[in-house]
Amino acid sequence: MELLVNSVLLMLLVATAGALVVVRGLLASTMLTSVYGLLSASFFVTMDAVDVAFTEAAVGAGVSPLLLLLTVAAIGRGEPRAAGALPILAIVLVTITGALLIIGTLDMPPFGSADAPAHTHVAPRYLQLSGEEIGIPNVVTSVLASYRAFDTLGEVLVIFTAGVAVLLILATPGQRGSARPRYTPGSHSEPHTILQVVSKILIPFILLFALYVQFHGEYGPGGGFQAGVIFASGIILYGLLYGLPTVCRVVRPAVVETLAAVGVLLYGTTGLLAMLDGRPFLDYSVFAANPVLGQHIGILLVELGVGITVASVITVIYYAFANQFEMAEG
Amino acid sequence: MDVLSYFNYWVVVVLMMLGFFIVIARANLVKKLIGLNIFQTSVFILYISTGKVAGGAAPILTEGVTLYSNPLPHVLILTAIVVGIATTSVGLALVIRIHAAYGSVNQNDILQQDQQC
Amino acid sequence: MLSQLALLPVLLPLIGAPACAVLRRPTAAWAFASTVAVLAFVAAAALLQATARQGVIHYAFGGWAAPWGIEYRIDLLNAFVLLLVSGIAAVVLVASRASVWHDIAENRRTLFYVACLLCLAGWLGIAATGDAFNLFVFLEISSLATYALVACGRDRQALVAAFNYLVMGTIGATFILIGIGFIYMLTGTLNMADLAQRLPGLGESRTVFAAYAFIVVGVCLKLALFPLHLWLPGAYTQAPAIVTAYVAATATKVALYVLIRFSFSVFHLESSRLALSLEAVFISLGVVAVFAGSLVAVFASNLKRALAWSSIAQIGYMAVGVGIGTVAGVQASLIHLFNHALMKGALFLALAAIAMRVGGNELQALRGIGRRMPLTSAAIVVAGISLIGVPGTAGFISKWYLVTAALAREQWLLALLIVAGSLLTAVYIWRFVETAWLDQNPAQPATPPQEAPPLLLAGTLLLALANIYFGLDTRLPVGTAAGAAAGLLGDSAAGLLGHPPAPLPGAGAP
Amino acid sequence: MSAVLAILSGACLLLGSFLLLTGALGFLRFADFYARLHACGVTETLATALIILGLMLLSDSYLPPFKLLLILLFVLFSSPTASHALAKAAWNAGVRPRDNQGKRDLPLPAGER
Amino acid sequence: MNGAGLLFASLLLGPATVAGIVLLRHHPNLREGLTLAAGTALLAINLRILSALNAGTPPSWQSADLLPGLGLELAVEPLGMLFALIASSLWLVTTVYAIGYLRGHGETHQSRFYSFFALSITCVMGIAFAGNLLTLFLFYELLSLATWPLVVHAGTDRARHGGRVYLGVLLGTSILFFLPAIILTWATAESLTFTPGGVFGPSTPPALLAALLVLFVFGVGKAAMMPFHRWLPAAMVAPTPVSALLHAVAVVKAGVFTLVKIGVYIFGLDQLSGVASRELLLYLAGFSLLAASIVAMRQDNLKARLAYSTVSQLAYISLGILLAVPSGITGSGLHIAMHAFGKITLFFCAGAIMVAAHKTQVSELRGLGRQMPFTMGAFLLASLSIAGLPPTGGTWSKWYLLLGTLDAGALLLAGALIVSTLLNLVYLTLIPVRAFWPGGAEPAPAGKLQEAPLACCIAIGVTTAACLALFLFPQPLYALVSRIPGAGG
């Protein structure tokens, strides 16, 4: 049964990717990308990677199509062009890479075998000892926020960098304070009454759900990153329906920009506290005499930092993109 | 040990190649980014596939379950997904600026315009 | 404090970047970023001294022992690259103010310095880490920040250059990710030291081969080794002047470090059957890069573009050193890594100063610049002479070691090609010299001297003089590179040429 | 008891899946945009509800059915709204209902454009 | 490590002078005074070093290691001392000459001129006092670079083209041949220190030695061995004082000096005589010597003719080394000095003619003797010295060189030397003869006495006097040369 689901999903993925090769319109491509993200998220569920699936659903099927849509809105759908000559160079390169990949898989341990080195060397410790050492059921969160917490700090920094980069790239010359939207009175000619009403009901629950995901990440799938994305999507939904100026009055860009930095700093400071005590960076045992409790507190703080930064950066990026769209309109 | 045990990997290879092909062969910059996205996501699928243990459960410790899938690839891919979206957003920001500067997002048009001046 | 030293060079810019983002005034951001970079440099110098004294320094994040946690494992090689990158970054950032104020719009300046610090954090993180995946994460931090910095260039071509860089860089990073994935599947670990222990046990696995191939291709994309260099000329030429100096002297060096680290520490290239074929690949690609890069540079009409192509050529030299594959070869490569950073740092800083005064780096516009900006032009000549490899400069030391390494493997033709490459270098450097002093600019027949702003000039001269200093007192680069290369390839091979590695420098910093 | 529940749940799931299939069929076969939207929009809401109901019946503790209920609520809100948004966007973009063959626009009542 | 202060003084004087010149760039008189003072000081320093050498305590210095086991070294030995003395004394004279020439010619960028002149001389001192091949190579390359601004001084297209050829050949040969040869030597012998008797062990493969000798001879492009001589005529676009000091004395002599050093101190005469490729190079030198003379005859431009004459004379010196016999070395050592004084005089005269009579072609000089009797008289004496005839110093060096060919049993080469001497007479001595006795039916140009500026004349007088004096008193020079290991006879 599992094999069947697995194969069907893979076939659908191939079909979607194939369609993406053929389709030329940008809007259709965007939709297909979203489909691809959703399908891969489903595939991740069948592979037991629930946390990853959650993230991929939020990112692959959510944020990234949203950004693509905003871009397409700013630059236009672009008219489909006739296919040019057969890209021989591309085909050759792709074939070589593919052949190399196939060669690479030949000596790999078979799919799903429990005695593959990957499952016998480092990972067992996480599964066997994290219950005692960290004391939370979600092993992924344990590894993410404690064993490999430095990677996650890097991850937060990556998303922070993305925010900085987008602001830097989209900053309009002559405008004060980077790429922030201008505060113009609402110019939407047509109010989306139904959508607005429904969203008014839904947005509080979306934000509540984000908080749930944030603080429930130790027990089930979820965590700071997913929570941040969901929280930001609530804000974005508001912005889409009520217009950029309105959302900017509610959630001020300057505040969000500062919060993006604050999240990273929160993460960093959590690590620094251990250093002040003479212990390695990100050693959570400084927070409590009981090491397991210390881990709890540390993970909580760190995940909070992740959530704040992710939510802020995605909001910031949305602001910057939407601003470009409005400028293109105006 | 049969072909089936590698079936997953090979399908993933096909996915990667489709993504990689879009990146190289398509002249539209947005399409390039989409291809990049597909390429990266396919690599994620490869990683996650290797983390699967047949008969294992999701790595959330539960009473009475002893066999779990490998959590480490999951952690890595969580990070990698974030990297992917970060790259996509920076790339799209560039595309918007390029469109504003050139009036096109087609590589060939842009190349032509640059050669003219 | 000493126990935390291993982390400090990375941690400072890493925490400093978000802190800098909170600052509102660009001047404050500049001062803050410069201070952070200088402090990171001081920390790196102390770290180099510590590694030279007590050997490898381990640092386990979160108190989790490797391979379960992430570990920094700082040996001489790590410390050497950390010192170089932080040093160049410190000089460039301190000197950057005038040029940034000239090139970058007011509302971008703070973010610009945040991006610079993020870049620095990324590079230093790559150079320090002992974990393969952590390396990928920091690689992406630096790359993303670099794309944005390149896109800040004045012309619209900068955007296209940044986009191309982004696409190729991401393909490279993804390739590295694939390679790391393969070796993780085979070994179950991501820790480099652990990988190094477990990989040889696998024998001649095809997966290991594919993994190495993917990592090499990915790294070479970042390194811009011919023929994967396509992003570099555009990115270097179009980026804001200061960014070119910042990136050119550091980014490719870090990529080379990654190549060396994976080739010799993780995959043990020297003792595997892969070696023979890859040796030929690196050497031939390197030589082609030297000549192709130099030839294009000779005919470029824009000095900045010429020097960008020259970077491709110089990367070729480093690849040749890696390809030679002996202790001497790797040592030569590392020495050139160090010296080339000094040369290109000085050259691109000088070009930044010139771009401020003249408005560009077209050779046409540089006519008579030697009289208008005598000190800056002199700095270009000094660094250029070093690039050629004239004795008394750092470049000579690199060439010497490279040729010696080639001769020790009895590669006569290679040795000849290495020295012949410098002749082409002489041609494009001398084109500048003639333009700068023998030509008159008809537009401004008699412009009074108008030197670069003091800090920028000081930075340029500092790096230019460093080219001479390290051509005469070579203990730091040569000694460290010798120790690092011996550490990579095993001490047994250290006396390959009959010369024991020179004693390590007593002081870490000049 | 459990056998009855299993049968009930299976029936719900089957019915839900069937409805989805008809929706997909309609989406492919119908002539114009609004008809297609109608086909999948209407069936989807009921189909999802049935499937969720079927799943709720299968569960043996209290938490999962509660979560499923929340999802159901969310779908009940979002699905019709999404259909509405699509229809409105299409109308604003100038798409008009067409005849059975999808060849030409249908005449509109007076006062509509 | 004794007396290193003196060596440093001789090396640092140049940069210090440059700093002074830059500071005084708006005060020509002070600037030129400073240059003169520096020249005097350098000569004094070198005389001090000479006395230290004579006292048996030659100064020396070693730097920290630049490359493992290899650092910069300075040392004084007779040959280097000779070279340093010639260069520094002629710098003083040339400075006097240059003051007159540059002012008479109204040249621009005089500060740049004097600065790079001083730097070039510093590099020459570095070459002369180099204690190992690395140090020598360092200053050798710097000399190429420091003289380039002097070559392209005029800034015209012709000057640029000349500059490119100049730098291209000099850098090209040194990087392509000299540097690999040095590195090979280092890899083989593990020493680059100039050692009497050579550095190579007896077990060095002969093929390697043969290859090395070829690399060295071609690599030292400054020795202008054919076919790498093109830079020298090209360098003639420089102002005459540059041609006089650098391209008759300092640069070219640095080349042959390097060859002598390599022959004596890297190979050692015993080893050198056994090197397989020596014979080949010897005949190449012989060919170079004759061919250059023949080309010189066909040059109408005076400076070009002098340049080819230099190529020919340099081949004499190279030949002297390659003979690998004591008298050959002596001849080479002496000829470095004799040719220096003779050739610089000739260039001074050429410059004087250019300044006073604005003439550059040989064919225009007919009958000029009336107008410039002093200059033409000096020209006559100097050309005799080049040809090696009494009563001039050139006699001695030519004598020893001829002796060397006979010692080595190379009769063919002896013949070549004699033929070349005759050619010398034709293409050099004939010029002043025609100037004084135009002969034929042509009416003598109605010229009145119009000599070059006084400073030029003084310089010409000094060097001509030196040519004569060296004929009468060659002893001090010979004493120095005979102390070169392996020399004598």
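Lettered A, B, C, D and E in written order, each chain numbered from 1.
Assume a residue touches a chain if its C-beta (ideal position, glycine included) is under 8 Å from a C-beta of that chain, and two chains touch if they have at least 3 such contacts.
Everything quoted here is computed from the prediction, not taken from an experiment.
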Those chains which touch chain D and also touch chain B: A
Clusters that remain linked by touching, chain B excluded: one piece
Common touching chains of chain E and chain B: C
Highest C-beta pair count, chain pair: A-B
Chain centroid nearest the full-protein CA centroid: C
Chain of greatest Cα-centre distance to chain D: E
Length of the line joining the C-alpha centres of chain C and chain E, rounded to whole Å: 43
Gap in Å, rounded to a whole number, between the CA centres of chain E and chain D: 99
Interchain centroid distance [CA atoms averaged], chain A/chain D, Å: 29
Averaged-CA centre spacing for the pair chain C and chain A, given as whole angstrom: 31
Multi-partner residues of chain B (at least 2 other chains): 16, 20, 33, 50, 72-73, 76, 79, 83, 86-87, 90, 94-95, 97
For chain C, residues contacting two or more additional chains: 133, 137, 140, 144, 147-148, 151, 162, 178, 184-185, 190
Contacts with 2+ other chains: residues of chain D: none
Chains touching one another, given as label pairs in label order: A-B, A-C, A-D, B-C, C-E
Residue numbers on chain B that touch chain A, as the complex places them: 1, 5-22, 24-25, 27-28, 30-31, 33-35, 37-38, 41-42, 44-45, 48-62, 67-79, 81-90, 92-97, 99-100, 105-106
Residues of chain A that touch chain D when the two form their complex: 190, 192, 194-195, 198, 201-202, 205
Partner chain A, residues of chain C touching it in the complex: 3-4, 7, 11, 14-15, 17-19, 21-22, 59-64, 67-70, 105, 107-108, 111-112, 114-115, 118, 121, 125, 131, 133-134, 137-138, 140-141, 144-145, 147-149, 151-152, 162, 178, 182, 184-190, 198, 205-211, 213-214
Residue ranges of chain D touching chain A (in the complex, touch as defined): 74, 77-78, 81, 84-85, 88, 92
Chain E contact footprint on chain C (complex, rising order): 385, 388-392, 397, 399-401, 403-404, 407-408, 415-416, 419-420, 422-423, 426, 430, 434, 437-438, 471-475, 478, 482, 497-502
